[in-house]
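What follows are several structures.
Look for subunit A in each of the two complexes below; its partner is subunit B in the first and subunit C in the second.
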Partner chain A sequence: MAEVILKDVVKVYPNGFKAVHGANLEVEDKEFVVLLGPSGCGKTTTLRMIAGLEEITEGTVSIGGRVVNDVEPKDRDIAMVFQNYALYPHMTVYENMAFGLKLRKVPKPEIDKRVKEAANILGIEGLLDRKPKQLSGGQRQRVAVGRAIVRNPKVFLFDEPLSNLDAKLRTQMRAELKRLHKNLQATIIYVTHDQVEAMTMADKIVIMKDGVIQQIGDPYSVYFEPVNKFVAGFIGTPSMNFIGAKVSKEGEKLWIHKDSMKLLIPERYYERLAPYVGKEVVFGVRPENIYDKMFAVTPSEEFVAEGKVDVVEPLGSETLIHATIAGDDIVAKVDPKTRAQAGDTIDLVFDMNMVHVFDKETEENVLMGLHSAEEEPKVE
Partner chain B sequence: MLTLSKYGKILVYTLLLIYTMLVLVPFLMMISNSFKSMRDIYLKPFSLPTDPSFRNIIDAWNQAGIGRGYLNSLIIAGSAVVGIVIISSFFAYAISKYEFRGRRFLFMYSMLGLAFPARLAIIPIYLLLRNINLTNSRLGLIIIYIAVNIPFSVFLLKNFIDGVPNELSEAARIDGANPLQIYRHVVIPLIKPAISIVSIVSFVNVWNDFFFPLIFINDRSKATITLAVSIFFGEYANRWNLLFTSLTLAIAPTIILFLIFSRQFIAGMTQGAIK
Partner chain C sequence: MTKKRIWVKVFLNIFAWFIGLIWILPVIGILMTAIRPFDEVINGWWHFKEFTPTFSNFINALNHPTAPLIVGMKNSLIIALPATILPLFIATLAGYGISRYHFPLRKGLIIAVVLTLALPQQMIAVPIFQMMSSLGLVDTYMGLILLHTAWGIPWITFFMRNYFKTMPISIEEAARIDGASDFQIFYRVVLPNIFPAIASASALQFTWVWSDFFLALILIYSPDKLLITQRVPLMRGVYHVDWGLLSAASIMVMIVPILIYLLLQRYYVKGMVGWTIK
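Entry: the complex of A and B
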């Protein structure tokens, strides 16, 4: 069993900078966990503490039930893949992969067997005699992964392994890593700032900001149930639209209101929003939950706002409309057959069952727990 | 790439040629005069030998004890180089890759050696060595040379080791290497060019040094090559033919060494550790 447990882990650098503030995280055996966040959020520091490359200021890290705070990296039974591959330039691919085993005094035939197996899995059998300099970025990445695999560790740590690759290769390696995870049945902790990588590969995403874990959850829950405005804005491309608006009450009905924009709030949100009546909130809606009225199934005037189109970006499978609603810039991901053009004023329909409302002060999601992923997104 | 006009090229090549002549002529004179008789040297100091002979070489070899000088210098320079490379590379590795209190101070302290020539401290050094009975001893000289050459070597090696990415040593740490294994299997192979520069430069420094042997060595059997050839500088008369010959013999090994290693030497001077 190779679960990794972080308990109140704090990292303070000698210069006084607090990189990680009391991180609590449970990585289960065979789980693929992605630490996600913008640069400087403490995700790499967290990974390096798990690896043992960085001292833990407070709290404990345990791997497989053993507290490893004072255990050397080599005795933690982990392997790490670095962003810039960190292959030994003076050694061949074979020697790079064999180095760790050699140091552990694994018998030569066994080393040979394991290196060849790993090379086979990664499709680099033909490169074993080459030096890293003679390899392309993708090949180097494979060798770096191979160096981790041959050791057969309990836990794999990846530090932004795909960020030096071009977009096409990245997509390909993403799928390969996912397949590898399935085949190796290993625990993987993976650091990235790329939310697409996180969404596509993770069993569980850990979103960090300024050294604090914001939310831990599977890709669906962090997407549909972001705990706060930061998570909501960080996950998803294009990112969620935020509009500063007011909750207003007319008779029995609650509305999201800003200037010309006035949208009816579904009844099931009333209870949560009651305290916010008459107050400023941040109204959040994802681009794909805004439709061109012409293509909405049952457009009702209560969910429509008028937008002035600034830019239209056809992507083929969909079209992005950059528009201004009541002074705020928004992006809508609409049907590619839209006829909207820059300069037009169009009616945009909001899927009010999928919207979010954030507290203006705390930025917390007021509607947390009301958008379960299973629910069919529907247009009223 | 910079390009020069035709006239610019002519000018540059002329200057380079003059410089080359200035450097080469004394060498060539020394070599050509080492095959002449005294009479020939006085009459035609700039000509090629009229009656070239190896007589001088045999005389100088025997009278100055060139063979013994070679051996002593080889022992001293060789041991010093080994000591310099080992100590400086460990030192540079530690202050380059390890965080510890006083690491900056240690680096600055070692750099002080670049600012102050050891000869300034010759009296304390002499007293120090006398107290531990290492005057008139090859070991004493080796110790001095190691100390004298450490600042430059540390400076150079530290710069190279700084260029070795930390990820490499971290990867090695995770692979299971201890600090000594990281040094041996990762750092050293990557800074080979710097090690060859340090070796050559300090070997030549030690080989050519006349000052320390002159002060510390009284015993002819322990004389270095520079000390050995100095017997031809007389108080009243110089024996030019033997002097030139013995000087030629004295510098021959370093020139040969340089020719053999010039490629690594130049490569080391012009490239970083990792590209």
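Entry: the complex of A and C
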């Protein structure tokens, strides 16, 4: 069993900078957990504390049921893959992979067997005699992963391992790492600032900002149920649109209202939004939940807002429309057959069952728990 | 290319060649004087009416009756080799420690190292002599080797520290996770990758020690112990200066560091990163 548990972990650097504020996290055995956040959010520091490369100021880190705060990195039964690969330049690929085993006095035939096995898994058998300098970025990445695999550790730590690769290779390596995780049945903690990597690979995503864990959840829940505006904006590309608007009440009905934009709020949100009537809120909607009215099924005028098209970006499978609605810039991901052109006005339909409302002060998600992932996104 | 730019280029080329010529001229002069008999160069080496190349000056210098250069060469090697290896060994470890570990007064130590670099040798002449005298190390090679080692450690420490600063630390961290101890990291991962820095620091320190005249003058005076640099001035007679002999001796003093540079040239330039301050 190799679960990793962080309890109230704090990191304060000698210069007084507090990089991590009381992180609590449970990584289950064989789980693929991604620490996600913008640069400087403390995710790498957290990983390095788990690795033992960074001292833990407060709190405890335990691996497989044992508190490892004062355990040397080499005795934590972990392996780490670094962003810049960190291969030993003077050693061949074989020696790079064998180094850790040699230091642990593993018998030679066993080393040979394990290195060849790992090389086989990663498809680098032909490169074993080469030096890192003679390898491409993708090959170096594989060697770095291989060096971790041969050790057969309880926990794998990855520190932005794909960020030095080009886009195409990154997509390919993403799938390979996921497959590897399945085959190795290992616990993986993976740091990245790329939310696509997080969404595609993780069993569980941990979103951090300024040293504080914002939300822990599977990819669907962080996508459909972001706890606050930060998470909502960080997950998803293009990112969620935010419009500063008011909740207004007319008769029995509640509306999201700003200048010319007036959208009907579904009844099931009324209870949560009651305290916000007449107040400013942040209205959030993902680009994929905005449709070109021409292609929407049974569009109702109560969900339509008029926008002015600034830029049209055809992507083939869909088209992004950058438009201005009531003074706010928004992006809509619409049907590629749209006829909208820059300068046009366009009627945009909002899928009000998928929208979010955030408290203007606390930025917390007011509608938390009302969008389950199973729900079919539909246009009314 | 416009006409103007061509002219600028031509001018710059001529200028560069001119500077080069000024620089190389004394070297050519000394070479020409060294490889010709005395009566051919008595009026200046630039007269080429007669030209009889000969090695006799070199042979005479090596076997000079009062100051044989061959013995000086041997003595200088006895000094220069340990006075290169010893400080390099100590200062490489020190530079690594300063660049990788945090400890109290680390900054003060770096400042002290830099300050000692600014110290002129003349300032330490008297105290060093007194100290060596009380240690009984005057006129011994051990004394001079220790002195050169001490003098070399600060700059090599600084040089190596700067070099280590340019190396990605994640390689060492990877080794730590792989299970290497601090010393294993240093010897098995760091050391094999700093050959350029070691090569250039060695070349510089060796040249420095080999060409040193001043410190040797303070400490070494027995005729049979004199170093190569100390022997050249002794070859000048009282009534007669044999320029050919002196030139040949000078060339032989210079040739050793030049050979070292040629040998280490491949690494030398790479290692110069050590002089960048970060």
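As a convention for this text, the second predicted complex is superposed on the first by the 380 of 380 C-alpha atoms of A that agree within 3 Å, B and C clash if a C-alpha of one lies under 4 Å from a C-alpha of the other, contacts with A are read in each partner's own complex, and residues count from 1 in each chain.
FYI, contacts are C-beta pairs under 8 Å (C-beta built on N, C-alpha and C of every residue); 3 or more make two chains touch, one makes a residue touch a chain.
Just so it is clear, the model here is predicted, and its values are computed rather than measured.
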Q) Based on the superposition on subunit A, does the combination of subunit B and subunit C result in a clash or a fit? A) clash
Q) Is A:A86 touching the first partner subunit B, the second partner subunit C, both, or neither of them? A) both
Q.
Is A:R268 touching anything from subunit B or subunit C once the two structures are fitted on A? First, second, both or neither.
A. neither
Q) First (subunit B), second (subunit C), both or neither: which does A:K308 touch? A) neither
Q.
After the superposition on A, what does A:I78 contact: first (subunit B), second (subunit C), both or neither?
A. both
Q | First (subunit B), second (subunit C), both or neither touched by A:K253 | A | neither
Q: For A:G100, select first, second, both or neither according to whether it touches subunit B, subunit C, the two together, or no partner.
A: both
Q. Looking at subunit A, which of its residues have contacts with both subunit B and subunit C?
A. 14, 51-53, 73-74, 78-80, 82-84, 86-90, 99-100, 103-104, 147, 151
Q) Once bound in the complex, which stretches of subunit A touch subunit C? A) 14, 51-53, 73-74, 78-80, 82-84, 86-90, 99-100, 103-104, 147, 151
Q: Within their complex, state which residues of subunit A touch subunit B.
A: 14, 51-53, 72-74, 78-80, 82-84, 86-90, 99-100, 103-104, 147, 151
Q. What does subunit B use to touch subunit A in their complex?
A. 99, 165, 167-168, 170-177, 181, 185-186, 189-190, 274
Q.
Under the stated contact criterion, what part of subunit C meets subunit A in this complex?
A. 102, 168, 170-171, 173-180, 184, 188-189, 192-193
